[in-house]
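In what comes next, chain A is part of two complexes: it sits with chain B in the first one and with chain C in the second one.
Right after this comes the complex of A and B.
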């Protein structure tokens, strides 16, 4: 048996299967989700166990109504919250936990912070776009990736580079 | 491909971001039958020293196809008896071949990739089921 442990392998392919509409496909999807949630709840591997989903809910809930910052901020919609949950669930198990924040334009932001010169911020828009900006020592990376259910490899690569020792 | 043709006419996609080919098969076992070894080449095993019956299992392997932009997601699980198949457990075999490497839309590229993916799907399917399981499809 060969187990390919190079990080690039995990970055290349997402965890989301091809969508299916049949009863069997829905059964498999539900079972897979149940299994993933079981692992997501673990302290060692899962973002659920690390409290990220609770933090996301808390932030989104506190920004449900417009002007939540006292400066006319747009509300965080249920759609943005759902997309953020979906994006977090699409991340590989064992990945470092981000901190969660909200922006005045109603987007939710996930931030992986290692040092002032080594960080990544990903903002989730209501349209399903992931706007990212990273500082990696002297280098910068920024752009937008459409989110179709799989965590984009560009962003996975940046998370890996921010966390790399 | 008929629906894809309609989508292509309306949306006129310039690029394909993800392409997947997924087949799900269900093998119905005889009533009260739980000997998976007869049907799967690599059946689930109980831990040594625990001779207990299975209540369920869910195996998921993702294989990267070296040198090609494809991955194969293989799921084997069981579905408890569904009416009207009282007492008959189903083994679900889910083979999903996909690529997340974007490519410019051209019909010939799409068809070539689908043909390659179908070959991989068949290879995976026939590699996990036994002759006895194969006979149930004939």
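Right after this comes the complex of A and C.
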């Protein structure tokens, strides 16, 4: 039953943090998170099978040295890469795969795309801020969410709206 | 200014080109990502080249020069953008001639916060056209 509860939670919300302060609560939370990471990396359920982590590595690697865009872009740092990995692992299992890009200020971007006027772009800053902007036909949504290990609800909702048929 | 220099005033009817040297700035379906339209800090000026008075060959030569300035860079293509679409986003286009590119210009007037810049960059990407090299 515990496993079933955990799996359904992972599918809906992504990572789960604990409010418990005891050693046991912390242990269970850490183990659950480790299991979720394995699932997210897996071929069948996670983004790993969709090649997202490989793409992230490839993009970050090609932007390690400044001026990678020919216009003086800042390099992508190891911190930004690590945060992007954490954010991807915090997403619910089975979620649509984003594509990876980079911006001139050295931030990595994750994009969920249906068409040029129906998409969501999330930038990952070295400070752990998630700057997002979505165009959904005539509607716009944009803002910033702090990333503390859980995928923010606002961003999950926008991913679902981009993907909705 | 000589007779061959482009006029300093940029008109709404003009086309602008942003050269694409990073393969993550366009999609497999030939559309453009917002990433390539984000203004770089600290001055938030997006570098472009005006089409005015340039042949297609001359335009590509400028793009190639941008690529040649960086080791092992590939010029993948360019994003063509109408000035009127830039101004629709309440941005401005300022002529900023360089010795090596008299048609150089900057897209300026960006809001300071990043999410607001991103939504504008998405709009610009949606209205731009990718031209492969």
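Assume the second predicted complex is superposed on the first by the 130 of 165 C-alpha atoms of A that agree within 3 Å, B and C clash if a C-alpha of one lies under 4 Å from a C-alpha of the other, contacts with A are read in each partner's own complex, and residues count from 1 in each chain.
As a convention for this text, contacts are C-beta pairs under 8 Å (C-beta built on N, C-alpha and C of every residue); 3 or more make two chains touch, one makes a residue touch a chain.
As the structure is a computational prediction, the values presented were derived from the model and not from experiment.
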Partner chain(s) touched by A:121 [first = chain B, second = chain C, both, neither]: second
When both partners are placed on the shared chain, which of chain B and chain C touches more of chain A: C
First (chain B), second (chain C), both or neither touched by A:113: second
Partner chain(s) touched by A:142 [first = chain B, second = chain C, both, neither]: second
On chain A, positions contacted by chain B and by chain C: none
Of all residues in chain C, those that touch chain A in their complex: 19, 21-22, 24-25, 27, 31-36, 38-41, 47, 66-67, 69-70, 73, 113-116, 118-119, 121-123, 125-126
Touch list for chain A against partner chain B, complex: 4, 9, 12-15, 17-20, 22, 24-25, 27-28, 31-32, 35, 146, 148, 150, 153
Chain A-touching residues of chain B, taken from the complex the two chains share: 17-18, 20-22, 24, 26, 58, 60, 62, 64, 71, 73, 75, 77, 79, 92, 94, 96, 98, 100
Contact set on chain A toward chain C in their complex: 59, 62-63, 67-74, 99-105, 109, 111, 113, 116-117, 119, 121, 123, 125, 131-133, 135, 140, 142-144
